[in-house]
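Each chain carries a letter (A, B and C) given by its place in the written order, and its residues are counted from 1.
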């Protein structure tokens, strides 16, 4: 009996000790394992990028002799230069398409987001739901009629057609983001503006737009990447090389160089540089935009 | 400067009537506090005066002119918001002068006005800062500066001190009051804090559930609350409300204790009443009302005894230093007025005073 | 400005642009899907549901539909479970966190065109990066014809999953960061083991993030057009076709606009069914915000 009671009373103490002890012993192993696993995953994740970069700056004989994973025998930076020159018309087209598209998207969606978030009117929730739903509409439902409409309007194979379509496609998501952002701005600012004698437009332009700057930078980075990276519209709405964006360019580049891997890789690097640069420079904004209610990727 | 007349004002939100026909007259230069628990409609009423909410029925006049259909900017009012609503991207000076900029005032004129307001509010060193670089009290002052710069007919305040810490609130209270006395502009001040209302206002409007319970000067409300709602709402700690019956020469409480009062002669014996006794009027006595102590809270100057008489919770504020514990018993007698209310209509019946107990 | 008109004035540019170039085309697609239109030159004649009837007997389409099914299942499981693992690891180790994060986020910045080109060449027999890597590791036995008829769909999915994992990692990391540390600490104080804390506290609180990651995976899996187009063009012998790509081919390659539109309608309906829960969730959140 005495034995048992001692045991019982000692037991909880024991369990706690053993638990903490085990955890203490486990801790370094767990941590080591975690770091190891993370590094391994990161490496695997990074291999495609690394391989592309390596291949871009090598010669074909170097690749065939030493295999794809060897360090370059010589660094052929000229590959990138050649790829850049050949890609230049596409890069130009992408810039001409992307910048106005982003600006247009921002303006239109800020106005709509402001109205949805800060004004009370009949049909507001309904309008918001329509916009959320539209952000899921697959491009496939619009491809054919838009193609036809642009042909009818005489806009086929123009920058204007691509710009309009990009703005249209981005409106739902951008309005969603701006609405959600303006929801976080105190409504009292608008009321203070009204009492100060500002019109609705003045309140929007002089109070809400400046306040929205953090959300805007996130949205700009995101929209830039998405619009720049589009492929389907670039394929469908263009004919001549002059109006095709760089995403289409890389495909014809691939067709042209077939087995010249170093040139294909160089082309890919050149085509990816603008979005990569924007991404690396504004990673924080990008991620924040992504998580502001995003469903895209 | 102007007087404000609120005449039979009604506000509906869908099918819900939030303001149920309110009349208030605010004299030129008066400081009026709208006070009541949250949801009583005080903020809605203020926003209707500002023009931020539509008026469902009735009229609001500012300076003798009906303003029902007017935009806020046409009403010549200025408002201080609960969260200040400072424009975060503008410096203090621009925050204060935004309305003048919009109205197209000249740079010189703006500069003079902003500097005047800054001087009054001790904001001169901060004119070039952004709101985020200011403390809570400074932001509060900028919000007031924005109102002062406009030199409006009426100042509207929507719980302007509720985001400040206790100490700052007390000093800002005095500051707003002295500012009002200097400028002499009509002011309407919404608060849920009756102490703020008592200390600052010339006139208090007590509201509950979209109606006015009582209008009067702070001391009127304190000394002669019109009903149980006002009695319980005004004064801190709250008035003790005890069920009793009128008996010969006084009232008899539920536990059988008789309190001798002068002033109950007019009431019929056996009439149920509710006796309202302010906590600070109690004094220790040999015999009297029996308080079972729950806790005593010494503050130094006085001791707050929280307990119950019978089943009714009571608070007594004693000048003596009492160290009672849970379960102790005290005897107390009120040495001030005893307010009598009708339990049915909840209206005030009259005031009695404790008679000398023999 | 009239107070009742003002909101609509602010909404007008968005409504006008989307209405003309987005909403009107959606209705047109439905209309075109009921015709036998070929090319853009002239409208087809009304043939009712004939296109849909043909579709369910079209072996090419059914083959593509089967692959789309594989896409959806694979895309729901692989990128999301990988991402949640990565997010937890990154969150727990902190070691070189920002550099590591960048590595995982990087694919997000790449277009599907680039991903397709790069991975197409990773999969190249013998000289491709993957075969070279396996040879280097002495695992030649694992080598298959990555973009051959048997493996093509899975290889393309793997390439797309690479990018999708990046997205899901971002979302889950954000989700993890939004869980207050006090909650985890409280669970520890309450005596929770690591496993209990993960399944009982962390995972339920990741629900909003999961909704986003899952709906994104669904949508990308249902479309999958751009990456198939760049990597395999559906081949070899249709072994990697998906419905989105089928629609593109029928329309802009075979010029069967009516038929292509019918596929577009089906893709849209599938998407609609899958995103309804998400939209309802958003609606609730918004009504709460606005009340």
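A few notes on this one:
Convention: a residue touches a chain if its C-beta (ideal position, glycine included) is under 8 Å from a C-beta of that chain, and two chains touch if they have at least 3 such contacts.
As the structure is a prediction and not an experimental result, all values here were calculated from the model.
Highest inter-chain contact count (C-beta pairs) belongs to A-C. When each chain is reduced to the mean of its CA atoms, the one lying nearest the mean of all protein CA atoms is A. Annotation: 53 Å between the Cα-based centres of chain A and chain B. Distance from the chain B centre to the chain C centre is 58 Å, each centre being the mean of its Cα atoms.
For this pair, chain A with chain C, the centres built from the Cα atoms lie 13 Å apart. Counting partner chains per residue, chain A has no residue touching two or more of them.
The residues of chain A lying in touch with chain C in their complex are 31, 34-35, 37-39, 41-42, 45-49, 51-52, 55, 63-64, 67-69, 107-109, 111-112, 114-116, 119, 121, 124-125, 127-129, 132-134, 136-149, 151, 164-165, 167-169, 171-172, 175, 183, 199-201, 204, 225, 228-232, 235-236, 247-248, 250-251, 254, 261, 264-265, 267-268, 271-272, 275-276, 278-280, 283, 286-287, 290-291, 293-297.
If you check the complex, the residues on chain C that touch chain A are 1, 4, 6-8, 10-11, 13-15, 17-18, 21-26, 28-29, 32, 40, 82, 85-86, 89-90, 92-93, 95, 100, 102-114, 117-122, 124, 127-129, 132-133, 135-136, 162-167, 170-171, 174, 212, 215-216, 219-220, 222-223, 225-226, 229-230, 244, 247-248, 251-252, 257, 260-261, 263-265, 267-268, 271-272, 275, 278-279, 282-283, 286-287, 289-290. Against chain B, the residues of chain A that register as touching in their complex are 186, 188-189, 191-198, 202, 207, 210-211, 213. Chain B makes touch with chain A in their complex at residues 50-52, 71-73, 77-79, 81-83, 85-89, 98-99, 102-103, 146, 150.
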